[in-house]
Amino acid sequence: MRPDAAIGVWTLRWRRFRKHRSGMASLVILAALVIFVLAAFPLQQILGIDPDTTDLFARFDPPSPGHYLGMDEAGRDVLLRLMVGGQISLLVGLLATLVGGVIGIIIGITAGYFGGRLDGILMRFTDGMIALPLLPLLIVLGAVDLTKLGFSSDFAHSGAAGFWRIVIIIAIVDWTAIARLVRAATLQIRERDYVRAARAAGASAGYMMRAHILPNIATPIIVSFTLTVGRVILFESVLSFLGFGVVPPTPSWGNMLNNAQELVTTAPMLAVWPGLLIFVTVIAVNFLGDGLQHAFDPRSER
Amino acid sequence: MRNFILRRCLQALAVLLVMSFVIYSLIGLMPGDPLDLMIQSNPGATPAVVARLREIYGLDQPIYLRYLHWLWSALQGDLGFSRTHSRPVLEVLAPALWTTCKLMLISFTIAVILSLVLGIWAALKPGGWVDGLVSLAAFAGISVPVFWLALMMILIFAVRLHWLPASGIANVGDGSFTDYVRHLVMPVTTLALANTGGFTRFVRASMIETLRMDHIRTARAKGNDESRVVLIHALRNALIPVVTVMALSFGTLFSGALLTETMFAQPGMGKMIYDSILANDFNLALSGLLFATLVTLLSNLVADIAYGWLDPRITL
Amino acid sequence: MTELLGIDHLNVHFPVKGGRTVRAVQDVTFSIEAGETLALVGESGSGKSTLGYTVAGLQTPTSGTLRFQGTRLTQTTWPAARRSIQIIFQDPFGALDPRMPVSDIIAEPLLIQRIGTPATRRARAAELVEQVGLPRDALNRYPHEFSGGQRQRIAIARALSSEPSLIVADEPLSALDVSIQSQILNLMKEIQETSRLSYLFISHDLAVVNHLVDRVAVLYLGRLVEVAPREALFTRPAHPYTKALLDAVPRIGHARKRGAGTIKGEMPSPLNPPPGCVFHTRCPKAQAICGSEIPALEEFTAGHEAACHFKEV
């Protein structure tokens, strides 16, 4: 048997994570949610329905066989729209976190590794960013007219533009937490002797970041990413709800609530379902982050 | 210390200046411009007239010149005219600010008290059932979409139970204090709940850490009774980081206020900003956003100074 | 004998808070011959690690020159020299990346210098693992699975991988158990015999030095106070500071001296080094001149240099 420590570390962490009850529960819930949103594809096939086709004779139809949660204000299948909207919401959550994470990692690692004046400038910038009230800023960014930025009118009003716009605008405001975390971790790692040894051998800054710093700060980044996903999903839902995010007819959990305030008297369940799904997703993601933190922290050995 | 405050003030000023330019540019990128609206209401305008108007309003100039021009007027107290309200921006801003301050202050106070009680209670026995419940509730508070929480409250308390009014600040013709309070209950509760979760987790973490410190053990060993140890010795130390985080959370609080005001139709800053963006009321949106930024920066400044003042280990 | 490394009038200063300057290395001149081991001895704070880092290219000198194999080291010549100068650190736990398997750690200098292919680098790592006395299966394992001594062997293997001609060893033994120290020392000796490389061996302990080195350089407060062949230094120390250091070494057959020879007080701060001879504040032989005039490091017998107005010749 060949002892392999790479597996050893992760086995240890998995064992610790498994003991974290809420973390495990949230992992199960998240898996169920992923299955739920992906079930849109087979469901569409089996029932022969479409999430975007409206039927004005079926508005607000109660649940029935074939339409398990009934119809919405435009006569579309609510269950199917919840599934498809979930795909969009989760995808925005992951992508915006990823893009923002990359921005944060680049800024944080640059500030931490090079230090000095560059560090000062980047961190003042980050502090300034943290100080801002994010939601109003996001709304303004969401209201920006893409044609004024030189995009064609066709593109500016397409579903793809709506999707990517929200990914990008969330990413450019929500990278600060990761940047600060990465900077602090980089400051610690860059003083290690193994980094010095590589520098003495002539390694470039790029090599150092890739080979030594990133792998050694990966665990806090993973935890921070997880928590960011939760926050981003909330941002997406708020923006889409206010009409500055994912644009109908493409459904998202946020924009399914667009008309909910007016409908709250006539069709309250239309207001309940999307919000409940957002709530469950975000709480599960947050508990997962908590569990990961516990599993990655060597001090939490009990 | 004085140097530190001065430096932070200058920094805040610089951030404000940069932000004013960024927001000014972004607002310029929103659909339509002031002239389009004017042309719409005057279909007879010839291209020559339009060009002349462009010149008069300076819209043919590059963005930074227009910005400098705006900045110069703003510094002299002229924030322009609100299109939708047909009044100077300052006159619209002032009452909205008052509504928002009230909402935020009451909610913030409730959130602080609630989170202190829950956080300390949970910290007394980490891993116990109280801790578990409080943690679950705190996570729920962090994870719930604020606007959906507001919707659910409207659904339950206004639509189903008819206990509370769904929106506005008072019924027409009823100026009584009870009516006024009844209108505030749901917005305040929503905003308070949305912030309690994060605060509670922080109070709990800070308390647990403090209770593990040596001087607390010493205080216990000296035979002080437990409630004294917790309330007098530990709390004082635990509060230092908590105060900072709470003051730093102003931006989040404001974002929450924007949603709460929109959902419950409270005529505050948040709703005003939202409405002005929807209605292309550029001057009002710009001033509102900058005002929110200014207040956030000020509160962060206060947090920094408070931190230095509370924690003697930090030399500023 | 040919000079491998030459250092001329080297200064390393650091700016610190409040506009002050730490003078870590001041006007240091010495050389290392090919195949020679030079010990750099001094207390903590003497600037010996800074000097070592400068030689290893981790610290930019404030002024002065470094020559390596006859070439002056500048911005343009450093990169080529890096494969020939390697470093071993004191703490074997911090010196190895916990996320890298041993084979990657050992081959890293080759990878950085773009020497060979992945296959040849792996082969070289395997060869080195055996040379430093580790089991072959160590290659696929991670640093945390090894003891301090074994880790130091891994660090040595890494330093050897690019076939350097000079290794800077920054107190490579002081973090190890005494029983392990001699094993590592023997390993370093063995390597020198087979590879004919030079060591700049940094140590605070003269006793350790005695077993390995050819010459000793004594550093005090950033300045070289004495450079001598090992035998000469141990038997006829010329500088009062060297003498005091030797007296502090417990040796079989010698009673530890107290009183007259031992030095008093603490080393002054490198932020504010005393004028004249840096050692005069603690020197038992100090006279008026010592407080005003810096003694030059001069050779008084073949290969024996000392910087003292009243050196014992």
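A, B and C are the chain letters, set down in written order, and residue numbers restart from 1 in every chain.
The working rule: a residue touches a chain if its C-beta (ideal position, glycine included) is under 8 Å from a C-beta of that chain, and two chains touch if they have at least 3 such contacts.
Note that this is a predicted model, so its numbers are computed, not measured.
Compare each chain's C-alpha centroid with the centroid of every protein C-alpha atom shown, and the nearest one belongs to A.
Ranked by distance of CA centroids from chain A, the top chain is C. No other two chains have as many C-beta pairs in contact as A-B. With centres set at the average Cα position, the gap from chain A to chain B is 23 Å. Rounded to whole angstrom, the centroid-to-centroid distance between chain B and chain C, based on C-alpha atoms, equals 58 Å. With centres set at the average Cα position, the gap from chain A to chain C is 51 Å. Residues of chain A found to touch two or more other chains are absent. Taken residue by residue, chain B touches two or more other chains at no position, since every residue touches fewer.
By the touch criterion stated above, chain B contacts chain A in their complex at residues 11-12, 15, 18-19, 23, 26-32, 135-136, 139-140, 142-148, 151-152, 154-155, 159, 248, 250-252, 254-255, 258-259, 262-263, 270, 273-274, 277-278, 285, 288-289, 292-293, 296-297, 300.
Only residues 53, 56-58, 78-79, 82-83, 85-87, 89-91, 94-101, 105, 108-109, 112-113, 137, 140-142, 144-145, 155, 158, 162 of chain C touch chain A when the two sit together in their complex.
Considering their complex, residues 2-6, 8-9, 192-194, 196-203, 207, 211-212, 215-216 of chain A touch chain C. Chain contact summary for the complex, chain A toward chain B: residues 22, 124, 127-128, 130-137, 139-141, 143-145, 148-149, 230, 234, 237-238, 241-243, 257, 260-261, 264-265, 268, 271-272, 274-275, 278-279, 282-283, 285-287, 290.
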